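Shared chain: chain A. Partners: chain B in the first complex, chain C in the second.
Up next is the complex of A and B:
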């Protein structure tokens, strides 16, 4: 395959970026998208030029590191996959492919396609945990959990923290990410205990980190590589209202 | 050097209990003043950092990814073992211990392994309390599956994403400690050296990967949970960034490196499809619960469509050769068997380097829905990568490098021979001997991090309560920092013609061909020469763009490869020293008539702990003899 790549190049957070055009040839349709970028980078290195910086690690769709905005969509055109799981068979010979970083105020660009997503960590630190010290736990089977609830919790827990939901959202809201964590923990009996406090603290951290508010466009869930459901946001909203009304603690 | 394993005396089941009741403690007011550096935020590092923080220590934790949640542990699929005996199938701590010792081909310490089996049950309790959504049965209780090399069902799992869920559990505990200030997290930082003062580990030198700044960090103790070194082979199932650098720097500062040649080749991975390939994808071993491995009986059939090859023309070779364990033989055995059938010319697929893993029997017996529930995401992953539907056509699989049993030598307390320097998780060599059984790395990482290290480190720190905070202006820090900077500049100034990947691919090929699934004296000797030449060429001809004061992934890769180029030689030396076949280390010269591994317990029943002499080509061998008091050494048989 022969392609034309238009790639966002930006030296660091202090400089302004621009699109650069790179023709590329000899791409196999069984290659993954990142392997295609590897080829581009090897070519650039051979020409003693600076390769395109991008985040990646596991290359199997689980670490959440890869983050490319491809032809206007986070993680590209296929549903339910990350950039590293996208294969070149999804493109046609002669295509032009536009590749940009995630764009959101809370995710500043570090270099080229690499952004800083530590705001996600900050949200989790605010309450995305169950307060149990090592050694505190009771016998595991002492807490039976309805299989369907365990399943629902798992459906939310599979979020990989990639940030595509934020990149897809016109308000740069992280509500899908946040609600997935709240659903996972609040649905389980272990996590219910501190459920209200969790919701209030995490919502506060979300807003302080510079993420926008949710206007229910649904773009997040449509672009989420793990197909995290919008129902998590609805559940979060209900929990937030309930917690705001009934919580005695001020967060 | 006399190596003291420090395994406590006494009965197998009493050792850990006795140790815990006698180990020295650090009082809470002293803990607040004691600083500990944990490098790594995988299962081992995150669980250790969180637990140490809970105990009241001042912890700094480092990882090179942009968040601790992305450590390579996230990719583990199949499950985690624990001797809960929930299935009432006769499991016990002793049985888990025995399976692990036998699975490791009798090259691990009895005391360590029994402790691992004992704490395994606490791990499950802890993870459930944290909200890890393990699979459950209709009664709401935890479900189990079985893994290779054992005859009980003791593996806990969360779909095909067990590592993800366990790591997110540890990450949540870590996040809680970060929030309350007991742990300070350093993302996108790479440790580039450990600093010793008066022979004790007192800090590290790290590079801020965003700005390129070189930083000094002091502490009372340093813990390495930096993972395995499988990427020395270039292609492996490890994440792209997995590397040996932290452990290797520790080695060069005096820490012994144990059993480096013990590497695990996993039997069920998606075969290589082209020269552009950057990594290999594992298909969890749990698939062998329901999948049947076969190749055509006749070479002529290999290019036929698998569904057109009738039952009687298929060779279910694992079931044929190993009737007792069938498709669930341990990994080393399954991998070697695949090598033999493909060497005979009976491999399938484009390249001929693949065998079938077939689910049609299971789908007929259990229905497609149940199979989808068990393995759905793995099937999807396979489908996406290969463009073939495994519900209809058998999967094609082939062995690939997956795990490294070798690592930094540690004693029972998980301390390296350098005082104050600890190694946990895949970075140490401790519990898996010459071959790791499935679902036991997650168990070991969490055992080390949650339950073992936080106890044992007290025995060292109890003597450090009067030690003031480390002064990072000490000459030892200055010297280490200068060395790090000089080396980065040296790499950048080579300005040669080949990329880092060019060299890495070449190293990987040498390692795979000559120090991979099967090894032979002659090939190994040749590998030594080839690695030395490649290393010399690397230092003359590599090209790294950019500079050291910016975000520079090529520079990171070059530093890691430079260390792999030294480690590779040590692995080959270790493989040459070990004139026997055991576990994942298979020497062509030492096999039975049937092609099975032949161990030499008389001469090689030891841990090979290598010291750094100053010249990577002249490592110094120290031996820790392995004494077996409680199990009888037998030839491993899965027939």
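Up next is the complex of A and C:
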């Protein structure tokens, strides 16, 4: 395959970046997208140029590190996959592929395609945990959890925190991420205890980080590599409204 | 800040204001649209003028119209605030952004549609509400009682084809605004349910087509009548 890549190049967070065009040849359609970038970087190194910096780790779709905005969509055109699981067979010979970093006030570019996603850590630190040590795994039937509730909580817990929801959202809102974290903890008995405090604190951290608000476009859920449902955002809204009205604490 | 200001300035709180005022304005639209069908009654405008007098003098309706104005103001100001804040959340734009791949055009352009509707409302209120309240309006008498002749003002406005065209364009914007807004309002309030969400979406779609259609029929009817089509 012969392709034209348009890649965002930015030296560091202080310099202004720009799009650079790189022709690339000899790409196999069975290569993953990141392997294609590896080939590009190999070429750049041979030409004594600075290779493109990009985030990646497990390359099997579970770590949430890869974060490329490909042809106008986070993680590219395929549904339910991360960039590392995207293969070159999803493109045609001769295609031009535009590759950009996530764009959000809360996700500043560090270099090229690498953005600082520590705003997500700040949200988690605000309440995305259980305060007590829950100890060893106990007898499974000691705390009954309905299977459908457990399924919903697990469907939310599957969030890998990659930030595609923020990247896809026209408002750079992190509501899908936040709602997944709140849902997975608040729906289960161990997390439910601190539910009100959690939702109030995490929402505050979300807003302070500079993320936008939700317009319910559904773009986040459509682009989420883990296909997390928009119903989590409704659950978050419900929990936030209820906690604001009923919590004795002022957060 | 108190918990109340914390709530209403949070990203969800601001949306709750949009949602509640939005649902309220929907009920206003439905009532306004059905009442105005009196324009189609073939009685020289008597029923419409009597209805206009009732709507502008009956105390409960007066209170409701003030609440509607306040609701509209909150919906518009809060909406503009949200748009500005959301723009700030992405200072550097994408070179290539394929919004159509993951969301509807209307959901991504609620602000633009809202501005079109606001522009329409200014023209609309100037033409009728302002004329009725402060303008030099003629009086008619039915059975010895004097009524402001709003009907004649409406008929003369709707006899201009370009005015009717402007109405229809704005009603299309309203329809698109409602197509996303109606169901979105429920999602914002957290009212999402496997059983009820499909019903809400269905009702929302029907509402967003039927209400603007009802509104559109009225000026089209008056225009065709003024052209002696029937």
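Criterion: the second predicted complex is superposed on the first by the 243 of 251 C-alpha atoms of A that agree within 3 Å, B and C clash if a C-alpha of one lies under 4 Å from a C-alpha of the other, contacts with A are read in each partner's own complex, and residues count from 1 in each chain.
In the analysis below, a residue touches a chain if its C-beta (ideal position, glycine included) is under 8 Å from a C-beta of that chain, and two chains touch if they have at least 3 such contacts.
Nothing here was measured: the structure is a model prediction, and the numbers come from that model.
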Which superposed partner A:214 touches (first chain B, second chain C, both, neither): second
Greater chain A contact set [chain C / chain B]: B
First, second, both or neither for A:204, with chain B first and chain C second: second
Contacts of A:15 with chain B and chain C, given as first, second, both or neither: neither
Chain B versus chain C as contact partner of A:171, first or second or both or neither: second
Partner chain(s) touched by A:4 [first = chain B, second = chain C, both, neither]: neither
First (chain B), second (chain C), both or neither touched by A:30: first
Common ground on chain A, meaning residues reached by chain C in one complex and by chain B in the other: none
Complex interface listing, chain B residues touching chain A: 47, 50-51, 54, 65-70, 72, 74-75, 84, 86, 122, 124-131, 133-142, 158-159, 161, 164-165, 168, 171-173, 175-176, 178-179, 185, 187, 210, 239-241, 273-274, 276-279, 281, 381, 384-385, 387, 450-451, 454, 499, 501, 543, 545-546, 550-551, 553-554
Contact footprint of chain B on chain A as seen in their complex: 11-12, 28, 30-32, 34-35, 38-39, 42, 44-46, 48-51, 53, 55-65, 81, 85, 87, 89, 110-111, 114, 116-118, 120-121, 124-126, 128-141, 143-147, 150, 153-154, 157-158, 160-161, 184-185, 188, 190-191
Chain A contact footprint on chain C (complex, rising order): 2-3, 6-7, 10-16, 82, 85-86, 88-99, 101-104, 107-108, 110, 180, 183-184, 187-192
Partner chain C, residues of chain A touching it in the complex: 6, 8, 19, 69, 71-73, 77, 98, 100, 103-106, 109, 168, 170-173, 175, 203-204, 206-207, 210-219, 222-223, 230-231, 233-241, 244, 250-251
